[in-house]
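In what follows, chain A forms one complex with chain B and a second complex with chain C.
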Partner chain A sequence: MDPIIILHAGLATGTILLFAAIGEIFAERAGILNLGVEGMMLLGAMAGFSTSLSTGSPWVGLIVAMLAGGIISLAHGLVTIHFQADQVVSGLSLTFLGTGLALVLGEGLTGQNPPLVPSFSIPLLSQIPVIGPIFFFDHSLLVYVGYLFAPLAWYYIHRTRPGMHLRAVGEKPEAADTMGINVYRLRYMYVFVGGCLAGLAGATISLSVSPGWYSTQTTSGQGWIAVGLVIFAQWDPLRAALGGYLFGALRRGILDLQGPATLFGFRNPLFVNSNFGFFLQMMPFILTIIALVVGSRAVARKRLGAPAALGVPYIRGERGL
Partner chain B sequence: MMKNKTLWIFFLMMLALAMTLSACGGGDEPAADEGSEDTAADSGDTAAEADTAVDCTSSTGEAEQEGSYQIPTAIEGCYNVAFVYVGPHDDGGWSQAHDVGRIYVQENVEDVHTAYVEIVAEGADAEQVIRSLARKGFDVIFTTSFGYMDASATVADEFPDVDIIHISGFMTNGENFGNLMGAMENMKYLAGMLAGSRAMMDGNPRLGYIATFPIPEELRLGNAFALGAQKTCPECTVDVRWIFTWHDPIIEKDAASSLFDSGVQVVMTGADTPAPAEAAPEGKWGITYDYAGNCVIDACLTSMYWDWGVVYARIVEESRAGTWVAGSEYFDADAGAMGLYGFMEGETLQPGVAELPEADLQMIRDTLAAMLAGEFTRFDVFKGPIVDNQGNTVLEDGVSLEQVDLDGFSQFGSPCTTCMYWWNENVTAELPELE
Partner chain C sequence: MSTTTPTTRKRTFPYTLQIEKRVEDIPRWLPAATSFGSVIIAFIIAGIILKLIGGQPLVVLRFFFDATFGSWPVISDTLVKATPLMMVGLACTVAFKMKLWNIGAEGQFYIGAFAASLVVLVPLVGPETPRFIVITMMVIMGMLGGAIWGFFPGYLKARYQVNEIITTLMLNYVAILWNNFWIFDRWSDAGFQMTPVFEKNAWLPRLADYAREISAFSGITLHLGILFGVVAAVVVWWILERSRWGYEIKLIGDNPNAAKYAGINITRNVVFVMMLSGGLAGLAGMAEVSGVVHRLQERISPGYGFTGIIVAWLAKLNPFAVILVSILFGALIVAGREIQPAGLSNLLQGIVLFMVISSDVLLRYKIRLVRL
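The block that comes next holds the complex of A and B.
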C-alpha cells in the first residue's frame, strides 16, 4: 500500500479516460452529444491491436485506431447533423454498431502479442522525489502525451480563435452561422475529432495499459465512464484529465488496500471485509449514472455550464432557442 | 420536400445494407455453426433414414434472430449439440476453453452437428436462448456458466426429450438435467508447487492469488494453490486480491500489478486473462488460467487449463445412446479434461519452469502422473494435517475433506461440517466476510 504506486498506476489507467473524455468534450462543445464512445473505443482498441499485429508497428496501430474511431463517428454525424435525428438514440446505436464491428473484425485476435507502445522514464525529471516516481517514471508514451494534451486542449478551447468558433457553434449556432462560421462543417469536424480520440483511448487500452484483445471486455464500460466524466468535468479538459486520473487511482487503490492489515493504526476495513471492494468498484459507475441523470435536467445543465445548444440539431433559418 | 427525399434515399440505403449484412450473416456470423474442415459424415449407420448422407459439419445458414441473439438451427439427420457461452467464444479464457471442447466434439463424434450462442447474459436472456435452442431441435445443450442454472432447470422441465448439462452448478432433476464440473484444485495444487519452487529459487518466498468472488470455489482453489506451494517452499506466503469479476482485463492487470508492487514473486489468477504474466516485471512470474493457449509469453510459468472435449464427446455419445444419467458429475484429473500447461503430452516447459530444480519438477511430474492415473484426487489435495491461518486445525493427520466441505459455506446453508471457509496457514489475507 504505497500511495506513490497507486497514483502511478492511476495515471496510466486514467489516460484512457482522459483521451475519451476530452474527445467527447470536443464533440459536446460543438453541440453534438455522442453516447457511442464505448463502441468507438472498442473499435479503436481492435483496429489498433490488429494493425500493430499485422504491420509490426504500434504507431501505425495508433493512427489506424484513431481513423477507425473517427470514421465510424461520422455515421453519428450524418444522422444527427445532416438528418437532425435524435442524438441520444443515434449515439446508443453507434455503440452497438462499433461493438458489433469490433467483435466480427476482431475474430481470432485473442492471445496474439503485437508490438506495444513503449514505456520509458524521463531522465532528470524522474529523479525528483515523490513527483518523479509518480509522473515521470516508467510510463507509456501515451501517458506523457496525455500530460501535454489536456492543457493544450484547454488552451485550444478557451484561448484560440478556432476554439471560440467551436464554443459558438455549441452555444448559439444561429449566431455563429450569422457570423460566417460553417456550423455543419465544424460540427462534423469535432464529431470526427471526438471519434479519433475515442479510438485512441481504445488503443491506449489494447496497446499499452492492459495489452490484448478480449472482445467486449477490452473496454469493460470505460466509454460510459468517460461520458459521465464529461459532465463532472463541466466540459473542461483539465478537470476531465484530473477526474480520469482519480478514477484510475481509485480502481487501483481498492486492490492495494486489501494488502495491509492495519491502516494508520486502525484495522483496515478492506482487509477485514474485502466485500467493501465491491462497493468501491461500483463507485465510478454510480457516479456516471448520477452525472447522466443530473446532466439531462435542463436546469442543472444550465448551472453546470453545458453548451446551450447541446443535443439540439441546427436547422438553418429556423428560429433559434 | 427536399429533406424527405434525401431521408428516403438514406433509409433505403440502410435497408439495403442491413439486408446484405444479414445475408452474409448466415454464413459465418459469430452465432452461426462452425464446421471442421472435411470430416464429412461417412455413410452414417446412426442416421436413421440416411439414404443421402447428411453433412453435419456444414452450416445450414439461417441463423434466426431472437432478441439480440442469433439462434442457430439444428440439422435434420444429425445429432444436434448446442453450447451457450457467457463470454465471446474467443475470450482467451473460460468460454474459449468450452469452444475448444465443442470443436473437439464436432471433429471426433460421428454425425454430430454443433453450434453455439455467445455472450448470453445470465438470467432471463439465458432462459430464452436455451428454450429457443430446445425448440429448434437441439438434442443436447451445454450451458456453461453458473448463472444459467435456474434457466437450464426451467427449460429442462419443459422439454423432457432434450438433455441439458449445466457446467459448474449443483442442480439436477435426475431425468434430463444434470450438472458437470471438474476438480481444478488438482491443477492449482500442482501450480502451487511450481510457484513455490520458482519463488524459492528466486529467493523471494512470496506468492499472490487474484481471487474473483468470495465463494467456496475461489477459497478452495486458493487453498489448493497454497497447499501445493507448501510442498516446495515451506516458508512461502500467499497474498490475496479480490477483484469481484471473472473477466475484466483492466482490473485483472491492476490486481496483478498490485501484488507484484507489494513484493510478490509469482502471481496466480482465478480470472480469465493472462494479466499476471503480462504485468510481471522483469524477473517475476505469472500463472494463467482456464485456456491452454493463453500462456504464451516467457513470463508465464504455466496455465491450469480445461480440456472439455473428451468429457463432452462422451456425454454426447451417451446421450445419443440413451445411457446418459442426469446427475452431479464432478470429475478429477483422470477424466482427461484438465491440464497443466507444459507438463502434458506434446507440450514443452516454459523457459521459467525448465530451469527449476529437477527434484521439484520430478515431484510435479510424479504427482501429475498419479492424478492422471486416478491415484491422486481432490481428496488427497485436501488431506490433513491442515492448519488454517488463525492457528486452528482444519484437518487432523490423514483425514480428508468430504465433497460437501469442498464446495460449501455453512453461511450459505450448506450442511457441511468442516466447510471451505478457511485460509491455509501460509495465506496472509483475512477471510472475506459473508453476510
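The block that comes next holds the complex of A and C.
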C-alpha cells in the first residue's frame, strides 16, 4: 500500500492506455471510429512477443507489433472509407479478426521468455525526492517514450499544419476537400497510425509491463478501456495521458487493497476471504463507466469534443448526412 | 467509390469496373446471396491462412462437417449450441435495428443465467414444486436479470448520452466477475468452481428423457430451449414488422431526426429496447443453465454474446434468418472445440463479419464489368 509504488506501477500500466488511446484519438480526429483497438492490441502483443522471441531483439519486436496493428487496421480503413460500411460493425469485426489471428498465430507462445524492452533509471532526475522514484526510477524505456509522446501528439494535432488538416478532415471533410486536402488519403493514414499505436500498446504489455503471452488475458479488455478513455479525455492527447496514468494507478491501488491484514485498524475483509477480490477486479470496468458518464456530461455541456464527422463516411460530390 | 470514369491506363486488361449508385430497389435475392457468398469466401480465406501456417484445410473442412452434421447426435449437439445463439442473435437484432449497439449480450447472458439459478439456489421454490412452475419462474427471472443488465446502459445512454458500446462491454466483464464470486464463494459445491447440480424439476425437458419410449432419442441432448428460440424469433418478427413499437424502433434506426419530429420518444425507446435486448440474452442464459449444464458454473458461454452480433449481422437483421445463421455458427462452435489451432473459429467469425459488411457495398452500388 505504498503510494510511491502504486504511482510508479500506475505510470507503467498507464502507458499502455496512453498509446492505445492516443492512437484512437488520431483515427477519431480524422473522422474514423475504430472499435478494433482490443483486437489490434492483442495482435500487436502477439506479434511483438513472437518476433522478439525469434529474432532476439525486442526492438524488431516493437516495430513488427506496430506494423501488425497498422496493417490490420487498414482492413477497417478499406471497409469504412471506401465501402462506407458502418464503422461500429466494422470495428467489431476488426476485434474478432485481430483476436482470432492473434490466437491462431500465437499458438504455443505461452511460457516463452523473449528478450524484453529494457528498464533503467534516469541519472540525476531519479535522485529528486518523491518525484524521482515515481517518474524516473527503473521504468521501461516505453514509459519514458510515453512522457514525450503525449505532449508531442498534442502539439502535432493542435499547433501544426498537418494537424490542422487532420482536424479539418474529421470536422468538415467537404471543406477540407475543397481546400485541396486528400480526405481519403489522410483518413487511411490516420487509421494506420492508430493501428500502429494500438499494436505498440499491445507490445508494451507483452514485452514490458506484464511480459508474457496469456492469449486473450494478455490485454483483458484494456483496448476497450482505451476507447472509453478517448471520450473521457475529450479527444485530447494530454488528457488521455493523464487519464491513462490515473487509471493505471487506481487499478494498482485497488488491487493492493488485498495485501494487508488490517486496513485503518479494521480487519481487512479482502484479506480474510480472497473471493471478495472479484469485486476488486470489477473496479476498472466500473471506473471506466463512471469516467464515461463524467466525460459524456462534460462533452454535452460544452458542446465540444467529438469530431463533427466522426462515424460519417465521406463521399466525394455528395452532401453529408 | 468516387471514380466512375475509366482511367486511361494501358489496356493490358481490356475491362473496367463500372460502379454506379443503385436507384431502383434491391433485388430480393441479393441480401441472402451476399450473406451466403460472404460465408463461402470467408471459409476460403480461412483455409488459405490455415494452409500458410502449415495446416491441412481440406482435412479440417471434412472434419468440420463430420463433427457437426455427420450423424444425429452431432446434429443435436450443433442445435444445442445454436439455441443460445438464436436468442442472443435476436437480442442483437432488436437493438441493432434501432442502431443501438448492444455489445453486452454476453454479460446479459451471464446475469440471465445467474438470475434463473436464483430460483433453485436461494431457493425461491420448494423441492417438490412441479417442473412447469419452476421452469416458468426461471424463464421470468432469466429475462428479468438480462433486462436489468440492459437497463443500466440504456438508462445512461438515454439520460447522459453515454456511449452504450463501451458501457455494455464493460458490464460484460462485471457480469462474469459477479457470477464468479457466487460460484467460487457462496454457492461453491464442495470447493469446486460450480454450484451443485440442480434438482431435476429445474431441467428443461430433453429428447434423451424420452429415450425409453422412442429409442432413437437416446443420447440426443437437444432440449426445449430451441423452441424458446423459435418462439422468440416469431415474437421479435411480430414486434418489428407488425407492431407500432417496431415501426418506431426502425424509424429511430433509419432516421433519428425524422423520428424526433414525428414525436417518437427516443429516450424511452432506448431504455425499453435495451431491456428487451437484454431480456432475450438473459433468456439464452436461462436456457443454457437449465437445458445444458444444469448448474451455474464458470465459462457457461464460449462467447455466445459476441457471436450473436455476427449472427444478427449475417442474418441482415431478419429474425427468421437468425435461426438459420445460428445453426451454422452453432456448428462452428461445436467444431471449434476440437479443431486446432484453437483461435481458428474466432478468426473465421471475424472474416465472415468483414465479408458481410464489405458485401453490403453490393447492395448500395451496382458493379459491372464493362469492356472498354
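Worth a mention:
The criterion applied here is as follows: the second predicted complex is superposed on the first by the 276 of 321 C-alpha atoms of A that agree within 3 Å, B and C clash if a C-alpha of one lies under 4 Å from a C-alpha of the other, contacts with A are read in each partner's own complex, and residues count from 1 in each chain.
The definition used in the following text is that a residue touches a chain if its C-beta (ideal position, glycine included) is under 8 Å from a C-beta of that chain, and two chains touch if they have at least 3 such contacts.
Note that the structure is a prediction, hence the values are computed from the model and not measured.
In the superposition on chain A, contact is made by A:Asn275 with both chain B and chain C.
In the superposition on chain A, A:Ala9 makes contact with chain B only, while chain C stays out of contact range.
Once chain A of one complex is fitted onto chain A of the other, the partner contacts of A:Phe83 extend to both chain B and chain C. Set against each other, chain B and chain C differ in how many residues of chain A they touch, and the higher count belongs to C. Contact with chain B, but none with chain C, is seen for A:Gln217 once the two complexes are overlaid on the shared chain.
In the overlay built on the shared chain, the residue A:Val104 is in contact with chain B and with chain C. In the superposition on chain A, A:Ala249 makes contact with neither chain B nor chain C. Residue overlap on chain A between its contacts with chain B in one complex and with chain C in the other: 78, 82-83, 103-104, 107, 215, 273, 275, 278, 281.
By the touch criterion given at the top, residues 6-7, 10, 29-30, 87-88, 90-92, 96, 119, 214, 239-244, 247-255, 257-258, 261-262, 272-275, 278, 293-294, 296-297, 429-430, 432-433 of chain B touch chain A in their complex.
Of all the residues in chain C, the ones that touch chain A in their complex are 1-2, 49, 53, 101, 103, 156, 160-163, 165-167, 169-171, 173-174, 177-178, 180-181, 184-185, 306, 309-310, 313, 340-351, 353-354, 357-358, 360-361, 364. Remark: chain A residues 35, 39, 75, 78-79, 82-86, 88-90, 92-107, 184, 215, 221, 224-225, 227-228, 231, 273, 275-276, 278-279, 281-282, 285-286, 288-289, 292-293, 296-297, 299-300, 315-317 touch chain C in the complex. Taken together, the chain A residues at the contact with chain B in this complex read 1-2, 5, 9, 13, 16, 78, 82-83, 103-104, 107-111, 113, 205, 209-212, 214-218, 220, 222, 251-252, 255-256, 258-259, 261, 271-275, 277-278, 281.
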